[in-house]
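You will see chain A twice below: alongside chain B first, and alongside chain C after that.
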Partner chain A sequence: MQRTTHFRTGAILFLLPALLLFAAYFIYPVGYVVVVSLMKWDGMSSPGFVGLRNYSALFHDEVFRISIRNNLIWACAEALIQVPLAIVVALLLARKPKGWKLLRTIYFFPHVISGIAITMMWGAIYNNERGLLNGFLRLVGLSGWEHNWLGGLGSAFPSVLVYGLLYIGYFMVIILADISSVSRSYYEAASIDGATRTQQDWHITLPLIKGTIATCVTLAMVNGLRQFEQVLLLTGGGPANSSSVLVLYLYKELQNFHYGTANALGTVLIVLGGLVILTVRRLFNAAKYDM
Partner chain B sequence: MKINALLEKLLSRTILSLFLVYTLFPMLWLVMASLKTNVELLGDPFRLPAPPQFGNYVNAFKSAHLALLFSNSVVISFSATALNALVASMAAYVLSRYKFKFGSVIFSTLITGILVPVSALMVPYFTLIRTLGLYDTKLALILTYTAISLPLSVFIIKGFMDSIPGELEEAALLDGCDFYQKFFRVIVPISRTGIVTAATFQFLSSWNEFLYAMLLTSSEQVRTLQMGIRFFASQFTTDFTSMFAAIVISIIPSVAMYSLFQNQIISGLTQGSIKG
Partner chain C sequence: MKKRTLLLTLPAILLVFSILLSACGENIKSGEASEIEIKFPSIWVAKDSKAASFAQIVKDFNEQNQGKIKVVVEEIPDYGAYKDKIRTNITTGTTPDIFSFDNPADGEFYYKSGNLADLTPYLDEQWKSTFLDHAFDNAAYDGKVYSIPFEFGVTPVLYNTKLFKQAGITGFPKTYTELFAAYDKLKAAGIAPATQMTGGDGWVSMLWYSQLVSAIGGPDVYKHGLDDPAFVQAAEVLKKLFDYTTGDAVGLDNAGGHFLNQQTAVLLNGPWFIGRIKKEGIDHLYDSVEVAPAPVYEGGKGQAGQYIGFTQASLAVGKQKDKKKEEAIVKFLKYLTSPDNVKKISLDSGSLFVIKYDVTKDDNVERLQTEMKKGMEAAPYIIPHFRASVSPAVGAEFPQALSGLVLGKYTPEQFVEQLKQADSK
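Now for the complex of A and B:
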């Protein structure tokens, strides 16, 4: 009996720090964001309740519309371009070509390095006068294609968006791991029936890794909603807000002490994240998928 | 048939090589650029540096105060990693080894945190840190980083602890281990792999974090490396080569950590810990 109480005290003591941190950094903040989003508040004077006015103001706001459109494009591009590319490369590496382990290591590299470093690197590549990209175009005689990549109204957002989509290492590793856990016997049976590798990939591997693909799609889309650093550093949201995203807009509103609008933006982000998770779950309808 | 197979092989090689070049080329170019003079860099961006200008690195260290930034980042990242590993394994231990009424509810609530877009919580974090009087301190970042990755760490570590057979614990109990001894002497050593996996992820994300480093600190005394190179870039827009040198220096610890714990990271992603 004494032993049980002793263990109960221990258990409570051990759980407490995690629960306190979780309450302070997840539960309380989510409630805070929702409540303050219904107020007009500059952080100093007393807040006034305004109902849904912050939201209706947002929906009439052009920067918000551009930001949400950009975020949705980003989320879909990650799901429809990045994840499929990761699947293709994972399927190729699963055939264990020479040096596949080294390739797996190198492809993961961009996910180890900070977003700041990578983004500044790409800033140097896109740079209008001294940039690598324009330099390359001149070199191969395509000077007509030279462009002010980050300064052009039409090209700023695509330029900020596109380079990260081709860093596929993270999803590739997750998918590759799942492929290697598929039982060999399926493939043996299929090759006896005369199925080629490509047919096997299509009819055996892909259906079996559906759950992992769903997870990757979820992570990819949520990631598309969280984007911030790339935009802040490369264009600051410009020109004319054409490359703005929600988190950047939230940050700017916070700096302007528009706490109500900032938190309305936060709520929109949280809701969008929740919708993504529900939608992907519904679409894939995979029993194995449980996150 | 044979030609088909050959074509397939060729296509596969091409795709794999394209991704290899795409991943490596910008980094190699960055290292190369960091060894050039500014004149060389502006002249022909593709030519090799002749001779290599290691002075850029010295410059970066001096003018960007890299030593200070570096030590700030080390203190913050290592403290957040240690604290996160301790708090997460304590919670994972209770949630994994003890069955009690709200255990599974607590666990599933905790891990929903993995998918919460924490950048949406900027305002509450900012006010929380200000209210605690921690604005512009290293502790603000240590606490924040520890808390933000807690759900993921608990998830990873609990996964490993779940696989420990119950007999081991019974043996420990018979030997007279109490709650704490059992944790420190039996469970932690066995779950080492899981804890190290979580800690590696935690270190990399703390080292590379930018948004909250920008939001919760302002003075140079507590500035992290990521913030520092960003500042450096906006202050010294003409000295590109030193900026590149500073970026290369900022990358080294993450690359070193990755090389050291590469298998941990891959197996951490592999064993379903991230997959859910």
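Now for the complex of A and C:
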């Protein structure tokens, strides 16, 4: 009995620093964000309580609606395009074709480079007058398709979104690592039973790496929700706010001294993030796989 | 058990004592140090046209006050990052000892934070007399002076006479009708007439809008707010101006690139751009550039020769607990804003200031700067630009609303409505 009490006290003492840090650096800031979201505050003078007025204003705001839509498209595109692409490439590389190590490095390489540098490079590619994309279109006789990609109402957001989806290396490496941990005996048994490689991938590999896929989908969707620098650097949310996303909108509201609205946006982001995690867990029945 | 507890407690007690002792040590150290350190996060560094002369002034001051006061410059060349840092510092009560800000509309928010030092007691007649009249109009809040105006900006038209000649145009047009006729000629000669932009803060196009708004609505246009019909009319003309610009204007965030590469013939910008024309412009560009006031809008309330002018940089001081440090900061401010030092920076960079200084025949005064100064002195009135005259939210919405206007998403009326909505949050 005494031993159990000692154990409990010890456990609490050991956990206390971590709990204190968690409270100071997570619970308190999140709570503060929620509280300020109920205030009208310019960040400089005293705040005033306005209840849910900031939220109500947001839901009537066109830029907020555009930002939410763009974020959800981004999150879904990452989950439904980027992660499946990473799975396909990982499955192919797991077969260890000739030069697979080099290919793995090439796919992962963009993640070693600064995201800002990559974004600037794509800014140059999309440039209306001197960009590679329009130059290529001219070269292949499609000059009619030339376009101000980052300055068009219908093209700015897709342009910002699409190129990021090509960088699959991060998820590919995670999935590849999990595939390599699957026991070879399953494949040997399946081969004896006459299963093709595709059948093995479909019926053995994919079910066994379901937990990792769920993790990748969660990370991809959360990444889609917190996009910022790509949009800021390429379009600044324009033209006419058509490529705006929630974090950029939050940043602009802070710059406009609308701290209450900015914190309401922060709260919406936290709730959205939580919902995404719960939804993905439910969809993948992830509890089984220790997510 | 007791022994074990003691063994566990002892290191903790020692740790606490060592922290306390080191803190005392710091106190002793700081008590011993008589040199006052002033932290000055600055944007006048790296490639900034004022960087060299500013660094020299700080160096000279530190040498003159060796062992007593030391100004430490924190270099932040990115203006956006600088602005973010200053705002965060003020909001969290960690305001830097000295900092600068550009937009008077932001200044008002800073003043009411309660985190800036009141400079009224230091602003004696002698110091004040070195400034231009009305220089302190935007520096006070609640009857107290919270910032020292420093750099002054005017943004007349800069035009490329070589490209104008190629298109058969002599002199800069006096009215908007003449301007569009000249632009047609430039276009026919295969030259993109003027730089316009909606990227970033839409600086150049915001200046055109400022010129148009006051040319149509007159010098008192901002007194009526965004309800004045001049804002809609100006938007109509601004939209037309986008027919005479480069193909990348929507989304463009480089204000000067096309003009520096001689790809556009006209640019609105200020004296700080002169240094860039010299350093970054194509060969002999500087020799081709002339200065002119923006055209008159026929039937408008504005007058010929109007100038857009505004305090481009103000200096403010973070609230200090130590009176001696506050006095040391003011000493540096007086040094930095002294006519001799301001003259040095001005002649070196081409920038204009709200501090008066004498120019002699021997001084190498910048040609374009002189032209701008002459134009400013001859102007019937000087009016601030649009962004300095509205709330920060309206200024931030401007490039978004403008791109919507140019791409046909908004009518001129809807463009103004977008600006009003930004203000209502």
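Here is the rule we go by: the second predicted complex is superposed on the first by the 261 of 291 C-alpha atoms of A that agree within 3 Å, B and C clash if a C-alpha of one lies under 4 Å from a C-alpha of the other, contacts with A are read in each partner's own complex, and residues count from 1 in each chain.
Note that a contact is a pair of C-beta atoms (placed from the backbone, for glycine too) under 8 Å apart; a residue touches a chain by one contact, two chains touch by 3 or more.
Computed from a predicted model, the values in this text were never measured in an experiment.
On the superposed chain A, the two partners chain B and chain C do not both fit; they clash.
Of the two partner chains, chain C is the only one touched by A:150; chain B is not. Of the two partner chains placed by superposition, only chain C is touched by A:236; chain B is not. In the superposed pair of complexes, A:42 makes contact with chain C only, with no contact to chain B.
When the two complexes are overlaid on their common chain A, residue A:222 makes contact with chain B while staying clear of chain C. Counting the residues of chain A touched by each of chain B and chain C gives the higher count for B.
Of the two partner chains placed by superposition, A:84 touches none, neither chain B nor chain C. The contact surfaces that chain B and chain C form on chain A in the two complexes overlap at residues 43, 254, 259.
Listing the residues of chain A that touch chain B in their complex gives 6-7, 10-11, 14-15, 17-19, 21-22, 24-26, 28-30, 32-33, 36, 43, 88-89, 92-93, 95, 97, 103-110, 112-118, 120-122, 124-125, 130-132, 135-136, 139, 166-170, 173-174, 177-178, 196-198, 212, 215, 218, 222, 225-226, 228-229, 233, 247, 250-251, 254, 259, 262-263, 265-267, 269-270, 273, 277, 289-291.
Residue ranges on chain C touching chain A, taken from their complex, read 83-84, 87, 90-91, 109-110, 112-113, 198-200, 246-253, 391-393, 396, 399-401, 403-404, 406-407, 409-410, 422, 425. Those residues of chain B that touch chain A in the shared complex are 4, 8, 12-13, 15-16, 19-20, 22-24, 26-27, 29-30, 33, 41-42, 44-46, 87-88, 90-91, 93-95, 98, 100, 106, 109-111, 113-128, 143-144, 146-148, 150-151, 154, 178-180, 183, 204, 207-208, 210-211, 215, 226, 229-230, 233, 240, 243-244, 247, 250-251, 254-255, 257-258, 262, 265-266, 269-271, 274-276.
Residue ranges on chain A touching chain C, taken from their complex, read 42-45, 57, 61, 127-129, 148, 150-153, 156, 235-241, 252-259, 261.
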